[in-house]
Amino acid sequence: MIFAPSPFLLKDVSVSQVMTQVCVALIPGIAAYAWLVGPAILVQLVIATFAALFAEAAMLKLRGKPLALFLSDGSAIVTAWLIALTFPPLAPWWMVFTGTIFAIVFAKHLYGGLGQNPFNPAMVAFAVCIVSFPALMSQWPAVGLELRLVDQIDIIFGLAPRVDALTSATPLDAMKTALRMGDGNFDIAQLLANQDIYGNFAGRGWEWVAAGYLIGGLWLWHRRVISWQVPVAFIGSLTLISGALWLYNPAAFANPIFHLFSGGTLLGAFFIATDPVSGCTTPRGKLIFGAGAGLLAYIIRVFGGFPDGVAFAVLLMNLSAPVIDLLTQPAIFGMKGKK
Amino acid sequence: MITRHELTNIARNGLWKQNSSLVQLLGLCPLLAVTTNAVNGIMLSLATIIVMAVANIAVASLRNLIPHEIRIPVFILIVAALVTVVDLMFNANLHELYVVLGIFIPLIVTNCIVLARVEAFAAKNPPLHSTLDGIFMGLGMLWTLALLGGMRELLGAGTLFGGIDMVFPSLQPIQLLPESYPGFLLGLLPPGAFILLGCMIAWKNWMDARAAARARDKGNAPAAPAPATAA
Amino acid sequence: MLNLFKFWGGIKPPSHKTESNQHPIGVAPLPSHLIVPLHQSIGGTPKPVVQAGDKVLKGQLIGEADGWISAAVHAPTSGTVREVAMHVRPHPSGLDSLCVVIDPDGRDEWIARTPLDLATTAPADVFAHLQRSGVVGLGGAGFPAHGKLTPAPNVPMDELIINGAECEPYITCDDLLMRERADEIIRGIALFRDLLQPKKVLIGIEDNKPEAVAAMTAAVAARGENFAVVAVPTRYPAGGAKQLIRVLTGKEVPGSMRSTAEMGVQVFNVATAYTAWRAVAHGEPVISRVVTLTGNVAEPRNYEVLIGTPMDELLKLARPHPDTNGILMGGPMMGFLVPNRQVPVVKTTNCLIAHSERLFPPKAPEMPCIRCGACATVCPHELQPFEMYWYARAKNFGKTQEYDIFDCIECGCCSYVCPSRIPLVQYFRFAKSEIWAREREKKAAEEAKARFEFKQFRDEREKAEKAEKLAKAAAAQAAKKAAEAAAAAAAPAGDAPATVAATDAPAPASAADADKAAKMATIQAAMERAKAQREAAQPKNIEALKPDQQRELAEIEARRQAAGIADAPASATQETKAE
Amino acid sequence: MDILTAIAIMALGAVVLGAALGFAAIKFKVEGDPLVEKIEAILPQTQCGQCGFPGCKPYAEAIAKGDVDINLCPPGGMEGVQRLADLLGREVKPLEAEEKPKQVAIIDENTCIGCTLCIQACPVDAIVGAAKQMHTIIAGQCTGCELCLPPCPVECIRMETIGETLDNWKWKYPVVGIKAVPLKDAA
Amino acid sequence: MSHYLFILVGAVLVNNVVLVKMLGLCPFMGVSKKLETAYGMGAATTFVLTLATGASYIIDQYLLLPFGLEYLRALSFIVTIAAIVQLTEMVIAKTSPTLQQTLGIYLPLITTNCAVLGVPLLNIAGGHNFVESLLFGAGSAVGFSLVLILFAGIRERVECADVPVYFRGSAIAMVTAGLMALAFMGFAGLDKYQ
Amino acid sequence: MSSAPKEFAAPAMAARTAATLFVFVVIFTGLLSTVYKWTRPVIEATAREERLRLLNEVLPAAEYDNDPVAEARTLPPTAELGLKEPSTFYPARRAGQPAAVIFEASAPDGYAGRIRLLIAIRADGTVAGVRVTQHKETPGLGDYIEPKKDRNKTRPWITQFNGLALATTEDKAWRVIKDGGRIDYYAGATISPRAIARAVHKAARWYDAHRQQLFSPDGGKP
């Protein structure tokens, strides 16, 4: 006789399906990125994927877990892609590699691997690299930089020198630098009007990459891979605070549209803050998680020491998630209004 | 006075089995805060060793005179006085290092390991044993701080014994990794300190487990101690 | 019409009902033998009242209810009792329990049936009749019906709900029963109504059974009752008692509440109502039920089946395909694979599904939970299954309880949707039974402690009493000795006193050595006496025995007497009474 | 001069603090130790003395004092050690002795001579009987401590492992194919 | 006013005692296995630390500085703190059994919490006045409690994770603390406006 | 446990404890004070040496022959130097003649807050040297402003200011190259050098305006 516990009927879903959908949803954003900013991102995606699978396989082997089963679950690939998408596209290969390895080994497998990591591995990689190699992590390709793919690959692999002219500050960084000039005689609105850097509303080219993430994210929500709470709360709180400060002083603070479409906001709202493993799980908890992440991201990117705050905001919310979840447990059947 | 067995016991406990940094998880603040290089770690450990050894002598000799209710304030008083002496000495003779180590010299007072040893060992044992216990506990701390500091600076900057010139002005740090090493700064930052210490603890667990497995293979040991169920 | 409510979560698995509901209920032929487990309902195990070799008639009592929460068991057909022995029961444990095995004589001869005249019978007697007829809940749990029919003392009964939802895939027995025997069901409901006196009677049927709804509505109208037949949205587990209550009344019965009656609602399955009516109006005890045979079979259909029919014999009626590799009792969501194919049909067997890999492919390997939350969105009890799983997996049972694991009804919705293929329900069952075991242990430890402390207290007291006695004796002794010494002074070397009974009374300095031997002897005698006394008073610890333990003791003692081992005239229990 | 000021100021502080402490030590004295009760609640109350103490309570007291290890009670098993470690914040240690399956004592009906010696030995009054009668062990109350075995002059008591019945049957831990090491037990 | 707010928020988040200043790590590691105990330890530390900063300020200003006895700071502070802790403990034990249940066992541990001595010393190094000292003390204490509680929350979960054997227990806790410190680096630079 | 026998009443106990603590405190404070008394001269000497060494880093010892530490004066808070609190100011003379001044300044707009500087300006207005005494710039990125952390050991970044003078250097040149000036910087970290350049420039102008007062013997009360 066979033994199997009930239920005997199961829905046709699996972890690798979920992860594949996330990857598919990233494609519009990646396409816009490769098209508008440069195909180097594709190289970085390959490097990161390779590093992630390598680290995953090594750790699984060390821990005596079945390789094929877990390598095919696709979670390492999601992590890798998110790392590649958050790093500067011309970052040296070894930095992407190190970051990915660190993410998979320290942030994921030391906690038991898939599903058990309290911190978002991709964001750990980003944070580790930005504190370790701040110079390299803040070199973004100069606007309108036209480089052949071969040249870009040469730069990534250190075969061609990194020329300063290749890089420029990202819109967010430029804005902060302007703020930091301290003369007080600058006007964000004027700055933003500079279409060379800022495009139509939030950084030339980048705004459409962000729009690509938005499309992918909405599709993910439509497929119910993510729930609405985190993105809505994230975007909502970011819009609220940036809107309030912008209304208060439009010369010193950028408008909400700029904040929504620049940096990692939309990637973060739909793909990063929604990581089910390291985020909150209760409905109210998700709202708090998203809102907290949005708020912190704004504070850090505008007032703090880093060009963009999404990564740190997500990590900070990750570390609060267990307690938030505990405090927002929904009332169970029959216990509403009691307890 | 002291048997060989007791001596090896005290030494083993201090250096490995009850290592303050890896097992008891005491004295963590200096362990993590000052170990941006090996020299800082070693010098602070030396200061701690002195304090611990002398405090242990003092408490062990005075233990019968100290009333129970105020034993903690008195122990602390003794430790604090010793620490201040050390602090003054550092200030006078190793001023640069004194500045680098900052408040972590006076904080030896609250270093749990000092008080823990005083309470747990010196208050119950004769002076000679207590002194040795203090010294070995301190040596246990010393090697962990030195190792952690060394790893951190190597990872973070590619050098070893940075800051040695503060102790011996004639010596220079060793550049171990090539100049082009980009410096994995995480090593020098607080997160790196925590993570590396975590790895050291895991390493110790692994060593213990391996030793236990060997002993078991020889067939003369009782059940192996469980690795890392501590904490 | 009626305002319906929604319950949280739930799923819509493929229903697979049309396979088996196309044909009317068939009658299963007499099987070669019948294995009737005595324990078929919640509560005490009925005591067998037949022995191997007895001739029994159809409907004859073979197991007598043991206590109030228990229901009788009857012979499903006439024949000979082959044995009363341990047989595997249809239970996931695969463990044995006491069963009566009957060889049918083929005559299927009824015992005399006595219908109950409801007009003249007091409710208490109706309950007794139901219990004697073995009427238990046929919806799944098998709780004796009379227990649920006894009105709660303080809470007025608002609604009586009749559960015709039949939400699990594959199962159609209630559907067919409602289509074909609606009138008798309605009469049964009316009986329940009379006993419980509810303000309203609601009959909930999932809206994927329009024929059943129509039949029931017609039957209600025909009888002129004011029962409401309500089609509820099809969503598993709408048939769960608490979900159905929620849908029909909006009330949420908390998991911690032992009985829904505390909220003024009571739920019965349609088949329960039907069997109750048969028992009252025709005097027929529960000896058969409708069972759906479906799954990997050529001719799925419902049959009226005798309780005790071995499953493999029964399943043959539906002609299982050759790749069938197991029998599933119940639905695919909550049922279980029976431990072997020879286990019998019992009162709670509503459906047998022939299991095959084609129908139910082996599960993909379990992955770790990715906390996607899908399980929480379908859990009808609004629990956090992944948290319960997280802690159950690590055997941190305290935490599972903090997440209300005991509110889980094991409906399986969470497992159904889990992308990681985690057998969540299995983890919850595991955790629950571990917690129960732990509770049992804790209770045992507490009792042991109490008994230990009592024993210590008793020992102390005895010691104290003895010491006191000794002290008194010693004092008396001393006084006597003093007197004697005085006497001895007068009359030297007198005879030894005959009444010395103390062990350590100080020997007076004046006592002569010659006395010693004699004195030792008397001391010895006194000790013997004391010991005898103590022995007589020894078995104090049988004071607190429960009656059944005393009975058991008496039985053992009787056995011993019979075997001629014991020579003591009195049994322990008698002595207890004497005390 | 400096030294004297320093001493004077510190001495002032010392006297104030010392007085306050001494005063408080008497005024706010409390007795009793709730810890012992908590520990005792974890011990299985088998009262078998395998821990080297005459019963569970003395062992609990010794643990509370910090005199002994927490891994001495075999009936409590590894789980008991785990819970004690949790309560006391101590390290989990493997049990000193082997963990045994749960057992109950059974008296052979035909051999028992009714000497009452086992009754006196049983710490939890699980044996009933009168002098010169067959004695019986109430299985539900027997903790399996084996203390009744040695005193029996005719060796009619034996221990029997409690089998699985429908009353104590437990659902098993789900069989998980992918886990190399089961969770807690590996540690 | 905003200056005070900056001191408070800065002490809680930007210059968190535990994760940035690296003080009070032993209780942070030791008393974070369970949320329940973390709450207790947090409350006890908040109480003592705030009191200690106040007391140290007074001692420093009115007893040590006037006589040029700065070198006695560590000594006098810690002895005072130890005495305060012991007094509090005794008073609580007698007057409030419930408080004793929650705080009692943690109080003695506080004497060896570096933060209790470190924060007053940092106060002096930072040239804070009385109000600033108190705010800095309270902020540090709240920061300590905050990260302690969050850490305990994570640890309770990680406790049940399938962590590689050698990393179970304190090793993975250290790694977790490291990642927390990494996250807290996100606050870096937020205090430059003060 | 208790070694305190029951007979003690609270006040008696208080006295007893106080006395014991008193004895211990007296002993250890005495010990400590003695050590302090003994080490104080050394400590003071070291501190002085330290100060001097720092001063010599910005102003070569050969350029003066007085004891600037002894002549040090306190400056009131000076906005031009970015200082909100009083600071110290060291006049250096050579053969009695004003040779240079060494003073503290602060660049408020560093990447991570204030950068504290020690600046030496010769009597003729040329910058003799600049040192960062305190900063919180990003390790590995902005910290090359500190010669110890600068990868270029032969000619650390901060030495670029040596020799600049208001008189000979046009205002524009006091900026980083990126902003059109002369001061070099490391790519990706322009904020810290920019802040320092601005602070040094301001300090030079402040010195220029107060040159007279600074060397007047009655003290630097500009």
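Order of writing sets the labels: A, B, C, D, E and F. Residues in every chain begin at 1.
The criterion applied here is as follows: contacts are C-beta pairs under 8 Å (C-beta built on N, C-alpha and C of every residue); 3 or more make two chains touch, one makes a residue touch a chain.
Computed from a predicted structure; not experimentally measured.
J.: In terms of touching chains, how many steps apart are subunit B and subunit E, taking the shortest path?
T.: When the steps are counted carefully, the minimum from subunit B to subunit E is 1.
J.: Among the other chains, which touch subunit C and subunit F together?
T.: Intersection of subunit C and subunit F contact lists gives A, D, E.
J.: If you tally contacting C-beta pairs, which comes out ahead, A-E or C-D? Let me know.
T.: If we tally the C-beta pairs in contact for C-D and A-E, the bigger total goes to C-D.
J.: Find the chain most remote from subunit F, comparing centres computed as mean CA coordinates.
T.: C
J.: Using mean CA coordinates as chain centres, what's the subunit A-subunit C distance in Å?
T.: Taking the average C-alpha coordinate of subunit A and of subunit C, the gap between them is 55 Å.
J.: Any idea how many Å lie between the Cα centroids of subunit D and subunit E?
T.: Chain centroid spacing, subunit D to subunit E, equals 37 Å.
J.: Measure off the straight-line distance from the CA centroid of subunit B to the CA centroid of subunit F, and report it in whole Å.
T.: That pair's centroid distance is 33 Å.
J.: Provide the list of subunit F residues touching at least two other chains, using ranges where the numbers run on.
T.: Within subunit F, the residues that touch at least two other chains are 4, 13, 16-17, 20-21, 24-25, 28-29, 32, 36, 111-112, 140.
J.: Where in subunit D do residues touch two or more other chains at once?
T.: Residues 2, 6, 10, 13-14, 17-18, 20-22, 25, 27, 174, 178, 181, 183, 187 of subunit D each touch two or more of the other chains.
J.: Provide the list of subunit E residues touching at least two other chains, using ranges where the numbers run on.
T.: Answer for subunit E, listing residues that touch two or more other chains: 30, 33, 71-72, 75, 79, 83, 86, 156-157, 160-162, 164-165, 167-168, 172, 175, 179, 182, 185, 188-189.
J.: For the complex, which residues does subunit B have touching subunit F?
T.: 66-70, 73-74, 77-78, 81, 84-85, 88-89, 91-93, 95-96, 179, 183, 185, 188-189
J.: Which positions of subunit C touch subunit D when the two form their complex?
T.: 39, 89, 91-93, 95, 97, 365-367, 393-395, 423, 426-427, 429-430, 432-434, 436-437, 440-441, 444-449, 451-452, 454-455, 535-536, 538-539, 541-542, 545, 549, 552-553, 556-557, 559-560, 563, 565-568, 570-572, 575
J.: Considering only the defined contacts, which subunit D positions touch subunit C in the complex?
T.: 40, 43-47, 55-56, 109-110, 114, 116, 119, 123-134, 136, 138, 140-141, 143, 164-166, 168-174, 176-178, 183-184
J.: For a test of understanding, state which residues of subunit A touch subunit F in their complex under the given definition.
T.: Going through subunit A, the ones touching subunit F are 132-136, 138-139, 164, 167, 177, 180-182, 305.
J.: Which bits of subunit B are touching subunit E when the two form their complex?
T.: Residue list for subunit B touching subunit E: 25-29, 31-33, 72-73, 76-77, 80-81, 83-84, 87-88, 103, 106-107, 109-112, 115-116, 186, 189-195, 197-199, 201-203, 205-206, 209, 227-231.
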